[in-house]
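In the two complexes below, chain A is the common chain; its partner is chain B in one and chain C in the other.
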Partner chain A sequence: MSMLSVRDLVVTYATRAGPVRAVDGVDLDIPAGSITGLVGESGCGKSTLGRALMGVLPEAGKIAGGQIVFEGADLVALSPTARRAIAWRRLSFIPQTAMNALDPVQRLRAQMLEVLVERGGLGKAEALARASELFHLVGLDPIRLSDYPHQFSGGMRQRASIALALALEPALVIADEPVTALDVIVQRQVLDVMRNLQARLGLAMILVTHDIAVVAYACDRVAVMYAGRIVEAGPVADVLENPLHPYTMGLTHAFPDLYGDDMTLVPIDGTPPSLLHPPAGCRFAARCPFVQPRCADEPPVMTGDHQAACWRVDEAAELRALAATPATWLPK
Partner chain B sequence: MTALIDATGLEKIFRSRGRDVAAVADVSLSVGAGEALGIVGESGCGKTTTARMLLRLEDPTAGRIIFDGTDITTLRGAALLKFRAQAQLVFQNPFDALNPRFTIRRALAEPLNNFGVPVSEHAERIDAVLHRVRLTPPAAWLDRRPHELSGGQLQRVVLARALIPGPKLIVADEPVSMLDVSVRAGILNLLREARDALGLAAVYISHDLALIRYVCERTMVMYLGRVVEEGPTKELIAKPAHPYTRALVAAVPVPHVTQDRAQLPIRGSLSDAASVGGCAFRGRCPHAMKICTDQAPPLRSITPTRQVACHLEGAML
Partner chain C sequence: MARRALGRLGHLLFVLWAVSSLTFILFRLTPGDPTLNFLSPSFSEETRAALLKGFGLDKPLWEQYFIYMNNLLHGDLGQSFLQGKPVAVLLADALPNTVLLTLVSLTAAYAFGIVAGAFLAFRRGGVVEAVSIPAALATRAAPEFWLGMLLLAALAFQTGWFPTGGALSPGREMNSFADRFVSADFWWHLALPALTLMLYLQGLPLLLMRATMLEVLNDEFIVMAKMKGLSRWSVVMRHAARNALLPVVTAFALGLGASIGGNVVVETVFAWPGIGRVLVQAVQSADYPLAQGAFILIAASLVTMNTAADLAYAALDPRVAVGAKR
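After this line comes the complex of A and B, so read on.
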């Protein structure tokens, strides 16, 4: 059973040029106790989706349709107060700029207490003990609770953000690019902290990233987003080793690998379409080497556990063989 | 082969809040024409400072740089300008590197003006360089401004700007870290092609070894301002000789489900680093011995092509 089921979610931003459909018909299922990677290129709507799930969209953004069913309740249909009550207790969001989102003029202890006492309703002594425990959990010395954020390195700040996000024992953590700004050793340490916590506390996690190697390292499942939609989703092993969608196939060849003899990197020519006036059919059609006439007319849909929104999903094995040839991706 | 650029004993000490910070200490390197050297290491280890000294954007506090047979360590005036045309930087962030009000034509003419290239040659050189970075037909791009280009297209313009003065050396500091994966590959391929076609010497900086492997035959690993290991990139990845390199290699995730998830062979973080005397890595090294506290290991050759600064000299391989 899914802990979270998103159905046909649409999120728009009001802009002078008209509504930007940043999330445009997303279906997504998050099983309890799993880490799901959400990947896709810049501007495809990853942060918008994460924020919509948490109910923290910026002012210009609004949910224009669809459902977010979390533990049986549709968050979209709830009153703001009822929704916040669930979001604060059961969900947690680590924003893309978490490293810099800590309050620079407050010691970490005060920031932890604020969450634990004011939102969590703990007594002061209890909250202090819990804060130490949380720091310990993310691999920080509890002594450092009396430090200010600037006394921490980037990786330590990221760990502190994770400790804050876990303070109220959420069931689902949405982490937006938690390791992107970190160098590889610190990135690995933070990912390990997240993996261990996930396993020990049994929580579910959505890890937003644009790095498929990070997904391969840390996630159980992956959803690939393109131009406001999920185009492929499934268990990591299936999606990365046997991609069904041409965009996913392209990504796997564009990615540098530390090992292996294949020293060609193949770019995906072109850029994603504007979300102001998204194309009617498949959104990847303008860049897809396997495009057919019907692709431009009608949007393909997804079905099944490992699924992809592509008209040619039945031919995926042949397309994968073609996709492995660099010439396939040459600009037309 | 004589190197195009040969730096010996580079050192940079910054004075910050009344304290001296040795950002780079005793770094030597050389790069030949047509060769690419990668510099990798943790954030703050001195990669950018080293690159800026090579380009004379920062004056070294000690050391010497020979470029194409000339000592450029203290060049000034016209001689420095001539050097600048021959040694170009590719910026990390294409969104900051270009003036948003200038057309692509103007962005490319500017370096030509700066280096005194006659106006009569401009059109031809701009046309050629746009072909080189695959912004074709050039006429379709010349009158555009940065906001009309995608990140990958902008980075091509940034690369074109670096190539247009006809440099012999290019230094690229995290040239694709701001770009999407789907377009990174295109830029890396262009960098590789430009180097091969023009016989450029290149220095690439990144903390991503996977990426460095695609463009650099040789790699130098820095830790706290010093070179701890140097050698052919593939050998260094397959058999790292320095304990720090080992951790760095182990930390790189690979895009496959089957991969090593064992605990990294490193302790603590940069801030736990031991300071005075001895090996700077000893506070984090799983192999630290008594001698590591007493003596700093010098950079020594362990094979004809590899060097390492560790008392174990790669013995744990």
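After this line comes the complex of A and C, so read on.
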């Protein structure tokens, strides 16, 4: 049973040229107690999706349709007051802290207490004890609670953000590029902290990233997003080893393999389509080496546990063999 | 923090020394000598020499400089040529008037500007903004003397609600700050000049607050505050306004320093007996010691307020920690 089911979600941004459909008909199921990676290139709508789930979109953005069913309630239909009651208590967020996500003029203690007291309803003494406990949990010395964010390193800031996100014991945590600004060593430490705590507290997590290596290291499931849609989803091992969608096949060849032999990195030619006027059929059709006539007209649908939005899912094994040859991806 | 404040204080003392030395040099560079400027040129050579000797002006420049600095350190700014009173006394008489005028108008301007600026940022777009931004700009851009004259014409000459000038009704006298504070007559006289200055000063904090607030409202930590489900009040006041306030505080302290010397126009229009008016009169009548004293006082208050702004900024923004950790 999924704790979060997104159905046909559409998020648009108002622009002078018209509404841009940044998220366009996303279906996504997040099972309880697992980490799901949401992976895709810049501008594919993954961060917008994460923010839409939190109910805080930029001024120009709005949810134009669909459902977000979380613990039995449709968040899209909820009143702002009812929405706020859930916010952070059941559903919290780990930002990319390089982006000034902690208030620069307040000590970490104040920022922890704010959440614990104002949202958690704890007394001050209780909240202080809990703040120390949380810092301990993420591997920070509680003494650092009296520091300001600028006195922290990037990794420490990320740990503090994790502590904040876990403060009220939420059921689901959305992490938006949580390790993107960190070097690989610290990336691994922070991912370990997240994974340990996720397993220990039994929460569900969505990890938004553009880095397939992060997904492979930290996630149980993965959803691949392309041009506002999920194109493939399933258990990490299945998706990365036996990709069904040509885009996923292309992606796996575009990243270096740490443990494998020397390999030629093959880029996917072209750019994603404009989301102002998205194509009617499969959005990857224009870049897909295996494109067929029907791909341009009819959007493919997804079914099953490991699923992909491609008309040629049944031929995936053959296509994978083809995709392994760099020549397949050369511009025509 | 204490060490930092001490360092700043040393800095302040150095600048004060430089300012007073510069003033000394500048006044020695004025053409002619004081005897020609304030006494009759028809004096005989002996009288002139005696006068120069009397003022100590026959001594070598470096000796004059030491005497001047020594006197300055003892608070002795010399005698006014014209009024025959010590400069320090004349300035001390004028200072409370200027300080009160500045404090009242600046505080009112910044209180109004900060609140209105935050509100306008919060309610961006729409009629309120379309009306109030040009209005704030217009009062900011209008010359102070013109604004003052309009207010004088409307509220003093036409209606007689407020006095046309001065700090007190004829026949009344005040000496201390406290006297002024409890005097309704003083506040009644203060109203129009303070209103003029306030209208002139409010534009800067208003526009500055609005601009920084708009910037801060787009910051990631504001998005986070909303995600946390914090109340609107917490988001806007505790996080957005607190961060947007930083540049406004600097502007306030600088404005305070600048106004003490910069009230010249308003003080003249309303015949307000403050430092600015003393300075204008001293310059007009070539009363050098008085002008020199006023200059030093104005420069000192500007520099002091600069330092105060620096220290306040550090208290408000922990990231500014110059010299705190070395």
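Methods note: the second predicted complex is superposed on the first by the 327 of 332 C-alpha atoms of A that agree within 3 Å, B and C clash if a C-alpha of one lies under 4 Å from a C-alpha of the other, contacts with A are read in each partner's own complex, and residues count from 1 in each chain.
Everything below uses one rule, namely that a residue touches a chain if its C-beta (ideal position, glycine included) is under 8 Å from a C-beta of that chain, and two chains touch if they have at least 3 such contacts.
It should be emphasised that the depicted structure is a prediction, and the values quoted were computed from it without experimental measurement.
Because the two structures share chain A, they can be overlaid on it, and in that overlay chain B and chain C fit beside each other without clashing. Contacts of A:Ala87 after superposition: chain C is touched, whereas chain B is not reached. Legend: residue contacts after superposition of the two complexes on their common chain; A:Val266 is shown touching chain B, with no touch to chain C.
Of the two partner chains, chain B is the only one that A:Gln187 touches; chain C does not reach it.
When the two structures are aligned on the shared chain, A:Val115 is found in touch with chain C, with no touch to chain B. Applying the stated contact rule after C-alpha superposition, one finds that A:Thr328 touches neither chain B nor chain C. Vertex at the C-alpha centre of chain A, arms toward the centres of chain B and chain C: the angle is 70 degrees, rounded to a multiple of 10. With both complexes superposed, B is the one of chain B and chain C in contact with more chain A residues. Once the two complexes are overlaid on the shared chain, A:Ala254 sits against chain B while remaining clear of chain C. Applying the stated contact rule after C-alpha superposition, one finds that A:Pro104 touches chain C and leaves chain B untouched. The minimum CA-CA separation between chain B and chain C in the overlaid arrangement is 7 Å, rounded to the whole angstrom. Put simply, chain A uses no single residue to touch chain B in one complex and chain C in the other.
The touching residues of chain A, when paired with chain C in their complex, are 51, 54-56, 83-89, 92-93, 95, 99-106, 114-115, 118-119, 148, 150. Interface of chain C with chain A (complex): residues 219-221, 223-231, 234, 238-239, 242-243, 246, 316-319. By the touch criterion given at the top, residues 41-42, 153-156, 182-189, 191-192, 210-218, 236-237, 240-241, 250-259, 263, 265-269, 271 of chain A touch chain B in their complex.
The touching residues of chain B, when paired with chain A in their complex, are 42-43, 150-152, 180-186, 188-189, 207-211, 213-214, 237, 247-257, 259, 261, 263-264, 266, 269-271.
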